[in-house]
Amino acid sequence: MHFHEARLRVRYAETDQMGVVYHANYLVWMEVGRVEFCRSRGLRYRDLETGAQVRLAVVEANCRYLTPARYDDEVIVKAWVEEAHPRMVRFGYEMRNADPEAGPVLATGHTKHIFLGADMKPRKLPEAYRSIFSVGPRVDP
Amino acid sequence: MHFHEARLRVRYAETDQMGVVYHANYLVWMEVGRVEFCRSRGLRYRDLETGAQVRLAVVEANCRYLTPARYDDEVIVKAWVEEAHPRMVRFGYEMRNADPEAGPVLATGHTKHIFLGADMKPRKLPEAYRSIFSVGPRVDP
Amino acid sequence: MHFHEARLRVRYAETDQMGVVYHANYLVWMEVGRVEFCRSRGLRYRDLETGAQVRLAVVEANCRYLTPARYDDEVIVKAWVEEAHPRMVRFGYEMRNADPEAGPVLATGHTKHIFLGADMKPRKLPEAYRSIFSVGPRVDP
Amino acid sequence: MHFHEARLRVRYAETDQMGVVYHANYLVWMEVGRVEFCRSRGLRYRDLETGAQVRLAVVEANCRYLTPARYDDEVIVKAWVEEAHPRMVRFGYEMRNADPEAGPVLATGHTKHIFLGADMKPRKLPEAYRSIFSVGPRVDP
């Protein structure tokens, strides 16, 4: 049941000459959503890297683009954990326009991560952090 | 049987503090591969936009990250058409290090596109361009 | 005397393998500061483009990097108008860490812009918008 | 008298909704020019970081935008050393369209760098590398 909604404003730098947001930038927004999800659960991702020396390496990313986001739109990035075990976590995302009149969902996606140690080799997530990534049931928007 | 291999050099700007290429940049590399695939088939994508007023809008993107690419690596982006019909084209990609000693594949992925007209609404690809996107069988690396 | 302070959170995507923010991203942050300055003065830059069909084209950008910004830092982007006349506006910027203990200024810079019409040719800014860009005296931080 | 010309192709990702290249990307192109200048002088910048543990940190960047670069343009980035001493190097850049009919220069700029050690503190460039950055006279295009 845990999810978090982060907000961001579309930057001019994120648009392309089609007049909409360039598609790779949605993956950056997922990063924002993921990091803010962690913060809402009490974890600064920065501390995981510098303290526990654990990194979340992306092993798969997927995005479905439904409605184009546009310059200066305020976007809500909803993030939740879809699946997790000691060596892996998979996040789900839904991005929508903060303006309720702006219509339906912009995009949905997911990213799958493994945990790496300081040596950049796969490792288990230390026990102390496991509750943060506990799997929550999919929450319908 | 058609595929094309584009080459690019990893930019410092594309790395992140994990010391490897930030994952969203692989989608940009897929764009490079896709555009060079088109060029190798006789189509400047620019001309499709400015001439025929047709745009390829990304409706889905996927990437699996196998081995991290690093700064200054020369990367080969292999691109081919996995599926195509008058309203849609799906590209496949494989990215590997140009240095054959650098080991296995960096990443694989695909992007799915629909064709849009100048009004940004879905349309069929004009006949004249269809042969460019003819489906080729998957070519094993 | 008019200035505005926008806030943003450093994204992982903005770091590079030196472990700090890649320098080109400060120009994107200046864009954020400039746009929020305009909003604070009653102008959505989007409306200037879509309504008045006026664009601010960057003709010069400059940045001095004093202290590296790091991942997850909260950054304050202070923006003000340094100089303006009907064909040109020059913004000044100062970026600092929102954490007062984080020390001194991260970077300072400026961007110089001309106004372009829908035909992408230089034009005067319409009278109605001139008060927004009125020059304010430099405000010391 | 030493300069180097690198070539790159404008990516769709680098454009913005004004239909031209977003201005911050020129700083990335300068990076490409700088790195290829070093390579032409026998230095892989990567080796400077991993071998000698020396980094070039940008302390100032400047760009003047003269003619907008557009999607799919081939761009030549000319780079040279404007000034250098054991603690600092300043590069000059000129970016132009590879198509001689495309007209004049796209942009000019410079970046100023100091050398950092593994501890991220300023240091002198080791003697062995100094000849690479020897100052050359400005070469008119």
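The first chain written gets the first letter, and so on, giving A, B, C and D; residue counts start at 1 in each chain.
We take it that a residue touches a chain if its C-beta (ideal position, glycine included) is under 8 Å from a C-beta of that chain, and two chains touch if they have at least 3 such contacts.
For clarity, every value in this text was computed on a predicted model and none was experimentally measured.
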> Comparing centres built from CA atoms, which chain ends up most distant from subunit C?
Replying inline: B
> Which of the two pairs, C-D or A-D, is linked by more C-beta contacts?
Replying inline: C-D
>> So the centre of each chain is just the mean of its C-alpha atoms; given that, what is the distance between subunit B and subunit D in Å?
In response: 27
> Roughly how many whole angstrom separate the Cα centroids of subunit C and subunit D?
Replying inline: 24
> What is the distance, in whole Å, between the centres of subunit A and subunit D, each centre taken as the mean of its C-alpha atoms?
Replying inline: 34
> Hey, what residues on subunit B touch two or more of the other chains?
Replying inline: 12-13, 18-19, 24, 28, 31, 71
> Which residues of subunit A touch subunit D in the complex?
Replying inline: 12-13, 15-20, 22, 24, 71
> Taking the complex as given, what residues does subunit C use to touch subunit A?
Replying inline: 9, 11-13, 28, 31-32, 35, 44-46, 71-72
>> Touching residues of subunit D toward subunit C in the complex: what are they?
In response: 18-19, 23-25, 27-28, 31, 55, 57-65, 68, 120
